[in-house]
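Following this line, the structures themselves.
Same chain, two partners: chain A is paired with chain B first, then with chain C.
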Partner chain A sequence: MGVTCVCQVPVAEGKSVQQTVDLLHKKLDQLGAVKQGSFCVDCETYHATANVGGQQSKLLYVMHNTETPLSCFALFEGGPCLKADTNFDILMVKLKSHFQNAKGYKVECRGSRYRYCDFLIKVGTVTMSSSARGISVEVEYCPCVVPGDCWNLMKEFMQSFLSSNVPELPSVFATKPEGLFAPADAIDTMTQYLEVFNKLRKLQIPGSNVR
Partner chain B sequence: MSGGPAVKISIESVCEKQVQEVALDGTETYVPPLSMSQNLSKLAQRIDFNQGSDSEEVDGEGEFRDREWSKQEQEEEDGTVKFQPSLWPWDSVRNNLRSALTEMCVLYDVLSVVKEKKYMALDPVSQDQTGKTPQVFQLISKKKSLATAGQLLLKGAEKLSKSVAENQENRRQRDFNSELLRLRSQWKLRKVGDKILGDLSYRSAGSLFPHHGTFEVIKNTDIDLDKKIPEDYCPLDVQIPSDLEGSAYIKVSIQKQAHDIGDLGTFNLFRRPSKNRGGTQAWHMKLEAAQNVLFCKEIFAQLSREAVQIKSQIPHIVVKNQIISQLFPGLQLSISLCHSTTEKKHQRVSPEKPKPDDCLYVLEHNLHQMMREFHKQQLSSVVMPHPASAPFGHKRLRLAGSLAYDKTEISNLQHSEGLLEKIIKQAKHIFLRSRTARTIDSLASRIEDPQIQAHWSNINDVYESSVKVLITSQGYEQICKSIQLQLNIGVEQIRVVHRDGRVITLSHQEQELQDFLLSQMSQHQVHAVQQLAKVMGWHVLSFSNHVGLGQVESIGNASAITVASPNGENAISVRNGPESGCKVLIQFPRSQSKELPKNDIIQDAKWSHLRGPSKEVQWSKMEGRNFVYKMELLMAAMTPCP
Partner chain C sequence: MADVVNVGVNLEAFSHAINGIQALRSSVSRVFDFLKDGMKNRENLEGREKLFLTEFQDNLQAVNRDLNELERLSGLVGRPSESHPLHNSGLLSLDPVQDKTPLYSQLLQAYKWSNKVYSSSHTCSHWYVDDVISRIGRMFPDMTIELFRPNGNSAVLLVTLGKVLKAIVVMRSLFIDRTVVRGFSENIYNEDGKLDIWTKSQYQVFQKVTDHATTALLHYQLPQMPDVVVRSFMTWLRSYIKLFQSPCQRCGHFLQDGLPPTWRDFRTLEAFHDTCRM
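Up next is the complex of A and B:
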């Protein structure tokens, strides 16, 4: 588990989501990255039914990542988060009276997983209720867990295939109390995915790009 | 007695009741006091009627008459005897006859009187016991207590003999049911229809081998009872599947590569003597043998499955009952399943028995052990209690979910080596170890100077063992301790750790180790000269482990040293190469060398102290048993006398 950066890549002008993804794949192939199977990140949204103490009800996101196949993540909107075994899903069913599943809000990101030396690249298509909304690119630098130590390297690497779409330092790392030198973990990755999902959810997609 | 007055001592009976008996529990039984009539009869009994004639009057009438009559007769007799003493030779005979007649007559009279019952009646008189009472009672009580004690003993003996007899009876009869019970206590049985089936597979121990491993229990009671029952008769018999009959074992051996692949897969079996343990039933031995066959088959099946699955540079070959894997170039590991089904086959094969046995029993044993470990692992992950959140066998995997382990971490945890991989590694190690030992031993026996000592460590891992190698010179062990090597023999390579911490990694090639040791031995000689110089007071002028000059050695480098005598006049230079051997040169001061021409440049007298040209010593002609001794002699000779 290294430092991970997730970013959203805009769909190229005059191209569909799939075409843009293919373009990225091609670039990675040219770079010499090797395809290593596929990946999937999904996110379910829950509403808290009971309004405790008059507070505004928060949303709870339950996420899974094939990279950590035995774990399940639960993130409160802007609040605490937890890592759990996959049995947590069953627990959520039991907690139906407190958390209600928002059916239409399920987001998924599927795609291929590439390895380029120490880098792990995942190019995925984000789909919401069976419509492709956008493209996410995850880059992980496996040997290092301290973002501050390897961010520049990652940035340089991303430039090689994302050209102008290189993201800024993810805010998850920047907002940590320890700063850039706190070790990154799986939660950071999931937070970044959630950010991308939320961004894409609000985004108005031009009809032509939806497949 | 004469002096004093006579003392009267009166004896009277004690007024106590006499003890008749003392019971075992201590209670005493007393004799009841006599009644008047009893007393009378007792007193009457004391009278001896046969004694004197004066007592005869007391008797009854008839008796009295008889006596009278006999008395008269006696008087007559007495008279004749008196008057004619011993005149007649038949006198004694006559007297005896007479007395006999008298007695008879008396008896007749008595009987007739008694028969009449008019005058006399015979009554039984109670036996007089009182006189002997204490003794008799004692005897009786003793007898009684002895009898009770005897009874107790008898009872115990009876019980013992009964149980012994029962045991024997059981053994002799070998009841089917009791045999079945015994079978049940050691093997899994179940009833299917009217058959009793047993399970000899290791499935309950975690085995995943698909063989069902079922045996059937047969009642073997239709034996002719009239005939003598054979010694090993057992009413219970088991029938094992035909493919598990006979005996089997896994044979692991390391061989030189076979030239021809045609003779593979026909591995022959020579039977190992099976120990017949006393006290176990025939069926038990049969089942154990079958279970062993099953186990060996499972190991072999697992190994062959892995052999096919594992991708290695040189593919493993599975032919019939043999798995062949390449350990090192030209060397192969052969694992074969030997299974003999019939005795006949075994006899056919037995002539091959005397061929050298290259089995590696350690590996065979390890295979068995690893298989059982594998079983245990299976068992623990499926059956053993585990937390509901983590259905995994591996402890650390339980944390995988909550600590969000990623794919690589999880696969690292789950990664386990197969049986074949492990056994190949072990075989490689074993081979490497034995070859290292052989190399060191052959070098030690071939080369006498310097000496090699190898100290093998007793505690080894299956994949690693170590040996300490010391290179010394005989007689100079204390001063020449420069070369101490620690050889860590691994699976594919040997790591050599020097005394100063340098680490050299050698491959499995035998030549590498040999060359390395040879170069170390050559270096040792030069080190020894250095040490010796210190002891002798010589000065080291130059020292080099790896000389860059001179002829090139094929193994390692030559090393060289130059030492000067304490006063600096003489010098010895030694160059020692692993291949070229040693070369010793000596230098004397210029003044001592005669053939040196006068030089125009160095005319000053002080230059005569310079050392002259070197001369080579014919080392083989030097006296001394080894290099260091020769060197010591040379140094001693060249040290100027003070």
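Up next is the complex of A and C:
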């Protein structure tokens, strides 16, 4: 588990989502990256039904990542996070009375996995109710565990195939208690995916560019 | 010849013993010749059988006598000196052309010298090694050195550098034998729970650093002051604390073929890509 950065890449001017993804794949191939299978990150939304004294009902997000197939992540936005095994999904079914599944809000991100030297790159298409909403790119630098150490190195790498779409330092790293020098973990990655999904959920895609 | 087969051998008894072997051989051949010739002609069968048996017995007794004589003589010959330092290689001394190929005498000298080196290196006691290592470990705050002795004799060091890397350094008394460098998050133990001193890192960057560290071991050499060597090696290794933060001093980039600058100059400790170093 190295340092991971997840960002959203805008769809290229005049092109569709799929075409932009293909462009990215081509750039990665040119760099010398090797395709190594596929990946999927999904997110389900639950409403907390118990309203204590007029508080707004909180949203619970339950996420899965094929990179950690035996794990399940439960996050409140900006709040506590939980990492459990896949039995947690069954637990959520049992907690139907407290948490209701917002079925139309399931988000999925699917795509190909590439390996380049010690980097792992995942380019995914984010879909919500089977319509493509955008593109996510995840870059992991596996040998390093401290984000503050390798951020400049990762930026240089991302520039080589994302050109001007290189993101800023993810806020998850800056807001940790020790700041940039606390070791990264899987929950940081899922938090970043959640941010991208929520951003894309709110985005209004002009009709002609979908799919 | 005189070097190896020295005073313990009685040369006269030796030549008598060789004669004794010849006598034994001839009496044994006489036995078989006699058997081959079979019975000699006599008036009746009984006479022939009796003669055959008598002569056969005489021949066997002659063999017995010669064998006993040989055993007596071999007892007198004595043993050549037991202390050949080189065992089978000592047979090289039988080479008659001593002047052109003084292989044996050179071999003896080399063996005596290596014995001296080995015994003097063993005077570095465990206590002394532990002391040197703990002093070096206190030199740098971001580097910790743990000492293990999994085989009882030679030390194995686990050097942890910040949150960047873990290096395993195998020692032979105070001399560094070999090293393996792995990432901070990689597993350092094998299935038995012991320190894994063989498996390579799974990351290319640390495989490269391991190669460079092995080169450093060969570079920092000073047989009379092994503690200075260990100190220099650790100072060099410590420069990797900024492995992921330093750009290359030559090209200015962080990455070259996906790798950060993995080479550290032995004098200046500056960072260079493997392909950029001069």
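What we mean here is this: the second predicted complex is superposed on the first by the 210 of 211 C-alpha atoms of A that agree within 3 Å, B and C clash if a C-alpha of one lies under 4 Å from a C-alpha of the other, contacts with A are read in each partner's own complex, and residues count from 1 in each chain.
Here, a contact is a pair of C-beta atoms (placed from the backbone, for glycine too) under 8 Å apart; a residue touches a chain by one contact, two chains touch by 3 or more.
In this text, all values refer to a predicted model and were calculated from it rather than measured experimentally.
Following the overlay on chain A, a clash is recorded for the pair chain B and chain C.
Contact with both chain B and chain C is seen for A:M1 once the two complexes are overlaid on the shared chain. When the two complexes are overlaid on their common chain A, residue A:D118 makes contact with chain C while staying clear of chain B.
Touch criterion not met for A:Q19: it reaches neither chain B nor chain C.
Judged by the touch definition given at the top, the superposed model places A:V145 against chain C, while chain B stays out of reach.
Within the superposed three-chain model, A:N165 lies out of touch with both chain B and chain C [touch as defined at top]. Contacts of A:T68 after superposition: chain B is touched, whereas chain C is not reached. Within the superposed three-chain model, A:D85 lies in touch with chain B and out of touch with chain C [touch as defined at top]. For the contact definition in use here, the residues of chain A common to its chain B contact set and its chain C contact set are 1, 142. Residue ranges on chain B touching chain A, taken from their complex, read 388-390, 397, 400-410.
Those residues of chain A that touch chain C in the shared complex are 1-2, 32, 116-119, 141-146, 149-150, 152-153, 156-157, 160, 181, 183. In the complex of the two chains, the chain A residues touching chain B come out as 1, 66-73, 83-87, 142, 185-187. Put simply, chain C touches chain A in their complex at residues 163-164, 183-185, 203-206, 242, 244-245, 247, 253-255, 257-260.
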